[in-house]
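Below are structures written as structure tokens.
What follows is a pair of complexes built around subunit A, which joins subunit B in one and subunit C in the other.
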Partner chain A sequence: MPGTKKGFILTLDLMLGLVIFFMVLFSVLFFVNRQNEFTLADYQLLRTGSDLVTILDNQKRFDDLNPLSLESNLQDLVPANYGLLLRIQGEFDEGNGTIEVGDEIPLQKVILSGRRVALTDNEEYLLITYMVWSKEQ
Partner chain B sequence: MNERPPQSKRGQLFSLDLMASGLGFIIFFIFLISVWLVLSSRLEEKREAEELQLQAFQITNMLIMSPGVPADWEGNPAEVTIPGLQQSPGRLNQSKLDAFVALDYNQVQKTFNIGRFEYQFKVIGINGSLLYSAGIPPDNSSTRSISVNRWVLQENETQQILFTLWSRSK
Partner chain C sequence: MNQKRRLKKKGILYTLSLTLLSLTLLSLAAVFMFQSRSVELRYIDLSFAQKVSDLDQSMKSILSEAFLKKTNLNFSVDGNSMNIKETMPRDLAGMDTLMQTIKDQGERDFPILTLDLASFQDRHGLILQPQNINYVQQDSNDIIVDPNDNLLSYNINLSFTKNIISCEILDSDQGNLKVDVAITSPENSCGFSRDDVKFLIINIDLGGEKPFLSIIDKGGLHLWSTAAVNSSISIGMLPGVQEKHLEIPLTVIINDTMQGFYKESGVKLLLLSNN
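Let's look at the complex of A and B:
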């Protein structure tokens, strides 16, 4: 029977197709992975936010829940090259249970956030969300 | 009579083709080996940098977030297992800090298991003044260094802890 080329898988085409497919796949994976990478600077920034909230908690600055005094404490405490915004949530009357103090969130900046809980001397449970970013000097 | 079959070019090995493909293979092989060497050296550098980072972060965490082992190690610094400076969360203990700064350099290296690296520990005030310092600062022989800074309360003042871990060229 005479041979026919119809229906044959052309090995070279298949190889070329596979090579292109895997090249695209690996490039996408590489860039997606790189985008999600948590750098040393990010970790450092997050630790700074966490440390500052720990210091405020240790100084019992969250006990009176007065936004003005908290704002003034933040200004004294936060280093000039960092920006910090605190969102304090709990079952208190002030601001219907949510207070926000600190800097205004900038546009087009990497902002990292973390959470921690605090218990005031009046046994009030607070959920503190901190947002931290670096500022150009 | 012996008749020789007519010569055919099919199936013959052409030495020029062989040489060209051999050369192609060798070039490709050398390229592959060089890529492999570059990648493995980059991977090794990355591994070393990550190890340095991890050690620096873990040591700073241990110093700030634990009172040390034993908890009253500052009474007998020679017997310290793990130095820690914490008095309460976010606050440093003054006597522990004094004892840590006075600790022998090699002893600190040994307790933190960082014999392959050098370290420097600094406490800096909020106005930028250097309050305490221990260890060796990175010099010209330094190949890689990682600095971790943390914020703590000490003597009711906010201070910055700067721990630098660095490696020397071999």
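Let's look at the complex of A and C:
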């Protein structure tokens, strides 16, 4: 009889130990996953990037494909806590068909990207890749 | 002995309650984890939708822009009538080339995109929605308006640069179309007006070239001219309940088999009044 009781207590302790072990494991997994999680803030960032390029397009800023004026438009338009880089590709001579306008891509930051198309005044097709990230204030 | 047994029982009770409490916490942690994963999946779906929306909107925007840059049409919608002005013969090759370039480059950059230009290249022109009235530039010398129950009237002005020698008018009443036609040339003119037209054929002789205008029941219109002509066609239609807009007859298809997403839509040209 005393042996049975000891076994019972041992089983209970083992169970408790296992439960605590899994709790720790779950917590670790939870926090590790959170590092790579796609969050509402990331989605918001992507939307902001898309909106900024749409505004530039609606303002006809891609029509003459002038990197200097685009750069100054971006500075006026992009909020201070956002970083934005535009990569514009097409069949034009400048930069062998690739122009980059905007901020420098930072290291160790979540960078989200999307693509849109535009047409210049010269009826040139442009592929615009926007990369957007949040800046620490 | 009794006290020892009581202490042992208390110990078991503590251990049991601790186990239960930990199990509860463990379950909660699992629920949080699954919930967080499911929310993340929603955001991933939303970001995919955002990327599709970027492609869809910007592609339609450049197609519409390309059309407006290259078209010879001048159009406006006022209340329940649409007015389209153009000059014939027309050259649609430039527009076809630009549309084909956009198709080739767009499909190269976005494998999920297909631009169906077949009906556009076959039947250039405009579709007035929601009445679904098709104004077709069949080739360089033709204007066609497809028969449609929503058509009520036509007000047509044709201005030829060559002199009219004669106008032969054949018409039949007992229809329900109101038609006003004014055909002018530097020296002569002819015209037609009736509000119960079933069909109408006007053969014009320009001394060599013989343009014609025909209107059949349900409003099907065909104007053919190899001679230079400025045309202005006002189409009266039944009022629609939805917002009016013009569409170009081409289809944008976005098909992502990985995400199980398929979208097929036309290209809206511009938003018009609600009348």
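Heads up, the rule we're going with is that the second predicted complex is superposed on the first by the 100 of 137 C-alpha atoms of A that agree within 3 Å, B and C clash if a C-alpha of one lies under 4 Å from a C-alpha of the other, contacts with A are read in each partner's own complex, and residues count from 1 in each chain.
Basically, a residue touches a chain if its C-beta (ideal position, glycine included) is under 8 Å from a C-beta of that chain, and two chains touch if they have at least 3 such contacts.
These figures come from a predicted structure and were not determined experimentally.
In the superposition on chain A, contact is made by A:29 with subunit C only, not with subunit B.
When the two complexes are superposed, the chain touching more residues of subunit A, out of subunit B and subunit C, is C.
When the two structures are aligned on the shared chain, A:77 is found in touch with subunit B, with no touch to subunit C. Of the two partner chains placed by superposition, only subunit B is touched by A:52; subunit C is not. When the two structures are aligned on the shared chain, A:125 is found in touch with subunit C, with no touch to subunit B.
Within the superposed three-chain model, A:115 lies in touch with subunit C and out of touch with subunit B [touch as defined at top].
In the overlay built on the shared chain, the residue A:19 is in contact with subunit C alone; subunit B does not reach it. In the superposed model, A:43 makes contact with both subunit B and subunit C. With both structures placed on the common chain, the touch criterion links A:94 to neither subunit B nor subunit C.
Residues 40, 43, 47, 54, 57 of subunit A lie at the contact with subunit B in one complex and at the contact with subunit C in the other. Considering their complex, residues 40, 43-44, 47-48, 51-52, 54-55, 57-59, 77, 79 of subunit A touch subunit B. Subunit C meets subunit A in the complex at residues 8, 11-12, 15-16, 18-19, 22-23, 25-26, 29-30, 32-33, 36-37, 40, 43-44, 46-47, 50-51, 53-55, 57-59, 61-62, 65-66, 69, 98, 101-102, 105-106, 109-110.
Taken in their complex, subunit B has these residues touching subunit A: 53, 57, 88-91, 126, 146, 148-153, 158, 160. Within the complex, the subunit A residues that touch subunit C are 5, 8-9, 12-13, 15-16, 19-20, 22-23, 26-27, 29-30, 33-34, 37-40, 42-43, 46-47, 50, 53-54, 57, 112, 114-119, 123, 125, 127.
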